[in-house]
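Order as written gives the chain letters A, B and C; numbering starts at 1 within each chain.
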Amino acid sequence: MDLLNAIVAIANYVLVPAISYGSQLALGALGVTLIYGILRFSNFAHGDTMAFGTMVTVLVTWWFQSLGVSFGPLPTALLALPLGILGCMALLLVTDRAVYRFYRQQKAKPVILVIVSMGVMFIMNGLVRFIIGPDDQRFSDGARFIIKAREFKQATGLSEGLAIKTTQGITIVTAVVVVALLFWFLNRTRTGKSMRAYSDNEDLALLSGINPERVVLYTWMIVAALATIAGVLYGLDKSFKPFVYFQLLLPIFASAIVGGLGNPIGAIAGGFIIAFSEVTITYAWKKVLGYLMPEGLQPEGLVQLLSTDYKFAVSFVILLIVLLFRPTGLFRGKAV
Amino acid sequence: MNETVKNVGLFALVGALILITGFMQSWNTAILILNMGLISAIMSIGVNLQWGFAGLFNVGIMGFVALGGLAVVLTSMPPVTEAWAAGGLRVLSGLLLGAATIAAAVIAHRKMRPGRTRGVVMIVILVGGFFLYRAVFDPGVEAVEAVNPAGTGYLGGLGLPVLLAWPVGGLLAAGAAWLIGKTALGLRSDYLAIATLGIAEIIIAVLKNEDWLARGVKNVVGLPRPLPYEIELQNDPAFVARVAGFGLDPVTASTLYVKLGYSVLFTVVLLILLWMAQMALKSPWGRMMRAIRDNEVAAEAMGKDVTARHLQIFVLGSAIVGIAGAMMTTLDGQLTPGTYQPLRFTFLIWVMVIVGGSGNNFGAVLGAMLIWFLWVQVEPIGLWLLQVLTSGMADANPLKQHLLDSAAHMRLLTMGVILLLVLRFSPRGLIPEK
Amino acid sequence: MSDNPWQDDRGNKDASITNKEGMGTVPYSSEAGGAHPAPGGPFLIGEAMTGGYGKGPDILHECTVAVDRGEIAVIVGPNGAGKSTAMKAVFGMLDLRSGSVRLDGEDITDLSPQARVARGMGFVPQNNNIFTTMTVEENLEMGAFIRTDDISETMEQVYELFPILREKRRQPAGELSGGQRQQVAVGRALMTRPKVLMLDEPTAGVSPIVMDELFDRIIEVSRTGIPILMVEQNARQALEIADKGYVLVQGRNAYSGTGKELLADPEVRKSFLGG
């Protein structure tokens, strides 16, 4: 029995990775849920929007690095992030102008917009691969760790180490700041409230003098910021590969739906639920149980419920269970 | 210009494009495009059935295609007797245990009264069942995969004729579709899109990781063929003599013969399915489906069971996609789970259906052939275009290098542009629904 | 199939990709047609209006409704008589083939609904007339969205008019009772400080006691000097408080007069008031 070591092992292999992955999913799901709530369709291009914003950030980061600009112990990408967001905003606003606006004027049905977003997805996907290529790109620099496993062991005298990567720390801090800003904006500012009003009841918003085009404009800008931040954080934490971002669509959709589509709080909760389930179910618990179980009873196998290759399956099964028992998601979303 | 003329013209155009490919590039390429076009056409018919006639949004086409592919392995490969002896029964009983666990949980959910007890019982059944299943299943899998891992390492199939795998692929896909539809097609609204999106990824994950089933990413190669091998033809004096009469050399002639043989087979299947789809469309059943689609409230008031009808058409459409998936794997001669990509096998099929004309079977066929042609040919055309555009630049220019290297990604961009243009300017597709 | 191919969703009802709740029906047009002076006549009048929705058949035929300063005008009539349609026509939500709408000495026939709001028309639709997910106070704030000046005074007036709203101001409006929701809806419309208030069946679906209370409130609003044009299902009670009444039948004016006259008219009594 070694409770302390078990807790540290859990923190190191489950809590920290799950919290940072959960933050990334939550930011992605917030973008999806905002579009669903205000533009009323699920945006299949969201993964590729994230990839585009991240790509711009990566390119700017490389440029900064070539100029010798650095951000001390923090990754240079954080300096490049605002430019990445601007680039992504420009792309989304051009897309809205050239593509989506026409369908809004036609009062097109949401499912048509979903198909439109598939076309946009192809274009953005092609664009990103065309510009930066389909390969893995690393752009993280600065200090690698906030706490190193070895230092932790020395300081505490435990045999289990706890490592927190700089990127994980940044992810969590950024996510908290961004989410706080977003909620302040939606609940306290006039523009934010008008966006909620439009999402709630389009006709009445119109009768109240709210300009739909303006609401849509702000929505795309916020979505661009959220998508780029989510994408950059994910890329710093792992690496940037266009195809992986496309694949993030499933866990992101799952997070948004589990929480209740159209509900921002739900998107955040959903992100963490999906992340925690993925990590706990695909983690090999041998080590932790080894500390907890009495001598002789320690497990021989890995005690891994599912291999990591099935992480998509986990998010999906969670989603299915939630939908079967609570079709509107955990936090009453708009569905059904 | 009347409609029939226009439609025939459109088909003739696609035919001409393929012929031009034959004359300009090679007949091999042309027939390859034709063959995959025919398979894509069948997939499109399946998706069109779901989207065009019932408004069901399936974004898991890739999963059904892959199930069709799996069917080919399970049906036509010879069984690996050693593997069966080593752990086949154990694997099977493990799977049965897993299924029994889920069934028991469902029964408990139905029979018991709602409340905490029911929840606890269900959790106990599921958790207990899971560990039991793993305890039986895992050693079996290990044993099976240990049998000659470089060559087999899986259970193999039933050793039946490969053509039988096509309907089996349909059945397998239909079974999966029934399960998905049963859970995801609700009463007032459904969540089919996310359900199919997820299941497709899971099917691919299973194919990639369950080596005992179809060797996972080690791929199953050398699948039996419905047609003779080229080398057999080349060694057949009668064949050599016959093609010599046409002035062809035996090597080229044998590859063309085999590929054309596939074309004929695929065309037959396509025509049968197209005919069936058309008949279904015109039958009372088809009229009812469209009545439901156009006014569900009225159809429901007339006593139509909308959910059951939706389930029906979803299963049918998916079965057709499964058949196409089996045909594709037969054509490839191998099952390679790593090649299944949603962009290629789900979203591209959607482009085909929308461009061709949702709700029109002929439109689906036309869209499939046209889009498949473009999907193959945009790459060389794009490369050529970029070469022309960059011809003024020095060869060492990094921009030129980059552009030429990136030509391969032009096809995604082009598909997006085509989809958006059609949606905007011809929203009902090239051959609209009547 | 719909005429507009982009409005054809093939009966899709996939909740994981589409969100139809709260979707709008009023087409948004930023280009507002011009208004031109047309002095004289009542404060608000829809005169000889003929038209219907889109390309559909005409629902209104030469229909006229009007309200003057300090008045309550009520439109009554049997089901399907075109009462709500007449109201929507005055508000610019349907295509008029002939006739005109004039407000405060201006011809506003060509203005979009949004432009009419900006010109001082307050409209309370029959259904979906509140933001259910927002608090009562946020509903009122949204009502005043086009205003750039201080709205606290108007909000205070609304709270004085509807004290229950002050009590519930932090509660989501969707959690309120039917009668309270109608008060939120009217309060929201009042927040623009409209020159005229239009109510489409404000008492639909509320209990008789609540209905009486709502009518009292409407009279109070009218006493603040805002002319009110409303459609009512409960003809007798509505005519009792009306200065002016219009009885519509099949989109035409059948009877009009003061509320008292109509109540006294034996024809009207027999046909519409149940004897």
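Note that in this section a residue touches a chain if its C-beta (ideal position, glycine included) is under 8 Å from a C-beta of that chain, and two chains touch if they have at least 3 such contacts.
Everything numeric in this text was worked out from a predicted model, so none of it was measured.
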Joint neighbours of subunit C and subunit B, given as chain labels: A
Identity of the most central chain, Cα criterion: A
Where subunit B and subunit C are represented by their mean Cα positions, the distance between them in whole Å: 54
Whole-Å separation of chain centres (CA-atom averages), subunit A against subunit B: 30
Centre-to-centre distance between subunit C and subunit A (centres being mean Cα positions), rounded to whole Å: 44
Multi-partner residues of subunit C (each touching 2 or more other chains): 6, 9-10, 12, 14-17
Multi-chain contact residues (two or more partners), subunit A: 42, 111-112, 114, 253, 257, 327, 335-336
Where subunit B touches two or more other chains at once, by residue number: 55, 57, 186, 188-189, 191, 193-195, 427
Residues of subunit C touching subunit A in the complex: 4, 6-10, 12, 14-28, 30, 113-114, 117-118, 123, 125, 128-134, 138, 141-143, 145-146, 188, 192
In the complex with subunit C, residue positions of subunit A that touch it: 36-37, 40-42, 103-112, 114, 190, 193-194, 196-197, 199-213, 253, 257, 261-262, 327, 334-336
Subunit B-facing residues of subunit C, complex: 1, 5-6, 9-17
Contact set on subunit B toward subunit C in their complex: 51-52, 54-57, 186, 188-195, 292-296, 358-359, 427-428, 433
Of all residues in subunit B, those that touch subunit A in their complex: 55, 57, 59, 130, 183-184, 186, 188-189, 191, 193-195, 197-199, 201-202, 205, 208-209, 342-343, 347, 350-351, 354, 405-406, 409-417, 419-420, 423-424, 427
